[in-house]
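So, here come the structures, one by one.
Note that chain A is present in both complexes that follow, paired respectively with chain B and with chain C.
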Partner chain A sequence: MRKLMSIARVTFKEGIRERVFLGVLIFSALILLSSGFVADLSIGNILKVTQDIGLSGLSFLGLFIAIFLSTSLIAKDIDKKTIYLVVSKPIARWQYILGKFLGLSALTSFALVIDFLVFMISLFYFYKTTTFIHTPHIAWVKHLLAFFFLNIKMFLLIAIAIFFSSFCSSSLISFFFSFMIYLVSANLQNVKIILSSNIGENISPNLKAIFNIAYYLLPNLSLLDLKQATVHNLPLKGSNLMLILIYALSYTIALLLISSFIFSKRELN
Partner chain B sequence: MYRLILGIFCLLISIVTHTGIKWELESWTTSPLPRPESALVLSGEFAPLTSDFFLVKAAIFYNDIINQKSSKDSLWLSKALYLASYLDPYYFEVYWMGGVVLPWEGRFKEAEIILKRGLDYIPKNWQIPFYLGFINFYFKHDNKTAARYFFEASKLPNSPPYLPLLASRLAIKGNETRTAIYFLQKELQEIKDKSLKEKLLKRLSALKAILYLEEALEKYKYKYGGLPNQLGELIKKQIIHHIPSDPYGGKFYLTKSGRVWTTSNLR
Partner chain C sequence: MAVIVLKEVFKTYKKGLRQSIEAVKDLNFTVEKKEIFGFVGPNGAGKSTTIKILMGLLFPDKGEARLFDIRCDDPVARKNVGFVPEQPVLYDHLTGEEFLCFAAELYGLSQKEIMSKVWKLLELVGIKEAGKWKLRSYSKGMQQRLVIAHALLADPELIIMDEPLSGLDPIGRMEIINLIDSLKKQGKTIFFSSHILHDVETICDRVALLIRGELKFIGKPQNIEETFRRELQKCVS
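The block that comes next holds the complex of A and B.
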């Protein structure tokens, strides 16, 4: 356990020291801080636009750290041969993978918590200082829930990035694969909706069968996206959220187990 | 050294060409729109944010129509609003713009398509069936359907108390101008945007002028048992003193079916 924690701690520190991390964190904090003012320039429901900018900004920050930093940090270990120092110690390969995962997850959550606080303060300030014709309702509890599920989504993305890093030789390739998987899985629900509409009638059944396989095989990230439900205060079912949570966690654990298996067979030279 | 000189030279070329480029707002706002399905898939989890973007684009375009900067291609406007409603179907303001702006630009069929999406996604909002009812009543002259929509709207929470009355009155007899004035006055209470408010106020005063003439026609009919051939006869028979001017610059006239209308078509 101590070995695991020390790897996690080193990963966390290494990530914080990355200049890109700091840059993105400050940049996104600025966006979130100014979300109210930016939305004020727009037309329509400015409170909705503020929340849209805020939640999308948080998503974007998490996405960047989870995919970009995860793939580059592991590849750096192998490239700079610092991994030999770890592997030569009495540490199992699975401990290395799990430690990396914990460190990266802590790093992502750390950045997300900072930005979430900035966003909440800016939203609250905007809500209090703007005059509305009808006093709108902000679902604060759902914001917390959306934030929690955003974190879970990032853990899953980190697991995906680690999975590809466990066998890809360069960080660019694992970044590319992880990003592609993200693009596809964030859209699974959208594509399903489109296929079930009248457009789907012109699509060949073979293609539909392939999609159906992909739908159940790939991680369905759109399930973990509660942005719309939060902004429009749509009803959410507790039992369904519980199932989504179990789904995401078991998928994450499965990916970590498979990656540690692949990584233990990998020759490092 | 020569690289630096070459670099500065290229920079100069780009700056000089930049001064020659004309920034055409119109070509920016009316750029071709993506298919809704492709836009949804491309924007992924950021679809609601993209929807905000297209609503802003639509509003800028509409502002250009008001200021007559743009050729009046309101089809683009309806497509942009449909796209915005596809990307975030729970965003009420898109339906609001579809219901309040589109029909007056002659796109009531498109407005109906957009609003019907809204009925599915925001079933508890009374304004969406209200707009649908108004479109059916004022633009399609289908009082039966209109009354049904108004009745539907009146059953939803927060709907104004006059709705059931309106629905029942419509079911008996359409009183189009008066209903249109009701509708506009209600909208005016909620609008913050200055230029839109001005535009609606202009329309309201035109409709009030039409109502004034229609009431005079009623009196004429009551007195003489038929309609005059021209509006000028109302002055001759001393029912009114003058024919009000159309704020849109047109002239009021009597259609063959006995309605008061204007040569400006309220645009």
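The block that comes next holds the complex of A and C.
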């Protein structure tokens, strides 16, 4: 356990000292701070737009760290051969993979917590200083829940990025594949709704079959996105959330197991 | 019991779709306890490939490599081994002290052992004053010394060094040679590679000569020079 934590700690420190990490953290914090003012320019429910911008900003930050930093830090270790000094110790390759995962997860959560606090302060300030005709209700608890599931989603994305990094020789390829999986996985639910509607009747059965394989094989990230439920204060069922949580964690564990297996067979030349 | 055993080891690298290079061919030798074993050969002879196989970074296509009678792909085999890779690149955001603490934790040392060893080793390799500096400010020679210090953290029985003298100035080379000599006096087994014959002649008990992946000589360093010259002549012609 100590070995895992050491690798995680070094990964966290390495990530936090990346200039690009700091840049994205500050940039996203600025977006979150200004979300109220940006929403002011829009037509419609200003408060809902503010929340929408805020949660999207958090998602963008998490996505960047989860995919970009995960793929680049592992590839850097292998390219620069820094990994020699780690895996030549009496540690198994799965410990390296798990240590990296823990470090990157901590890094993502750290950044998300900072930006979430900025967002909450900004939202609270905007809520208190704006005059509304009908005082709107903000589902603060649901914001916390959405934030929690955003973290879970990022852990899953980190596991996807680590999976591709475990066998791809270039960080660019790992990044590309991870990002593609994110794009497809985040829209699976929407595509399924479209396919089961009238529009779906005109789509070829082969294409539907391919989609069905993708639907069951790829992680359904849209399940972990509680943005709409939070912004529009829609009801959420506890048992459903629990099932979604178990689903995401199981998927993450499975990916880490497969990545560890692949990485244990990889030659580090 | 032999500390290192290589039995009929073959390793081929794929180069493109059709071509392949035989990096190591039918390698057989053993290294005994408390020996300083020099592994010499020109660049591209297969020295680093052999060392990577021993450290579990590469896997042989055929044959068997063992450390302390344990297969090299088993992490337990590396418990009693210190490794100095060729021209190492370190985590430059760490300080020298942090790097050694990290390495010590990977060896599974206790906090008490870490505290007592880190600064002693920094002093031993002559970079105590730089212990709190970030590694990005270390010179090549200082990095090499730090990596040697890291290899000694777990007080290993076997130390494997891949070109430990490369990139060092004459004084640095002398200091590292003296350090290797003092480690021998402590009863350590040292396996080290070099492409410079003089390095191995001065400090080794036994030497192996590797040319184009094949073992051409194994024996006392005094007898290697003629074989080395003859084989180099063949390579050039």
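Here are a few things to note about the model shown:
Everything that follows uses one rule, which is that the second predicted complex is superposed on the first by the 269 of 269 C-alpha atoms of A that agree within 3 Å, B and C clash if a C-alpha of one lies under 4 Å from a C-alpha of the other, contacts with A are read in each partner's own complex, and residues count from 1 in each chain.
Basically, contacts are C-beta pairs under 8 Å (C-beta built on N, C-alpha and C of every residue); 3 or more make two chains touch, one makes a residue touch a chain.
Model, not experiment: these values are computed from the prediction.
When both complexes are superposed on chain A, chain B and chain C sit side by side without a clash. Shared-chain residue A:N212: touches no atom of chain B or chain C. In the overlay built on the shared chain, the residue A:A186 is in contact with chain B alone; chain C does not reach it.
Using the contact criterion defined above for the overlaid structures, shared-chain residue A:K89 touches chain C, although it does not reach chain B.
Using the contact criterion defined above for the overlaid structures, shared-chain residue A:S196 touches neither chain B nor chain C, since it reaches no partner. When the two structures are aligned on the shared chain, A:L221 is found in touch with chain B, with no touch to chain C. Superposing both complexes on chain A places the Cα centres of chain B and chain C at an angle of 160° as seen from the Cα centre of chain A, in steps of 10. Once the two complexes are laid over each other on the shared chain, residue contacts for A:S59 go to chain B alone; chain C is not touched.
Look at A:K48: by the touch rule set out above, it reaches chain B but stays clear of chain C. Minimum C-alpha separation, chain B to chain C, in the superposed model: 35 Å. The interface of chain A with chain B does not overlap its interface with chain C at any residue. Those residues of chain A whose C-beta lies close enough to touch chain B in the complex are 42-45, 48-49, 52-53, 56, 59-60, 133, 183, 186-187, 190-191, 194, 199, 221-222, 225, 227-228, 231-232, 234. Every residue of chain A that touches chain C in the complex is listed here, in rising order: 2-3, 5-7, 9-10, 13-14, 17, 80-82, 84-92, 267-269. Listed in rising order, the residues of chain C touching chain A in the complex are 13, 52, 55-59, 75-76, 78-79, 81, 83, 85, 88-91, 93-94, 102-103, 105-108, 147, 150. Every residue of chain B that touches chain A in the complex is listed here, in rising order: 37, 40-41, 44-49, 52, 55-56, 59, 88, 90-94, 97, 190, 192-193.
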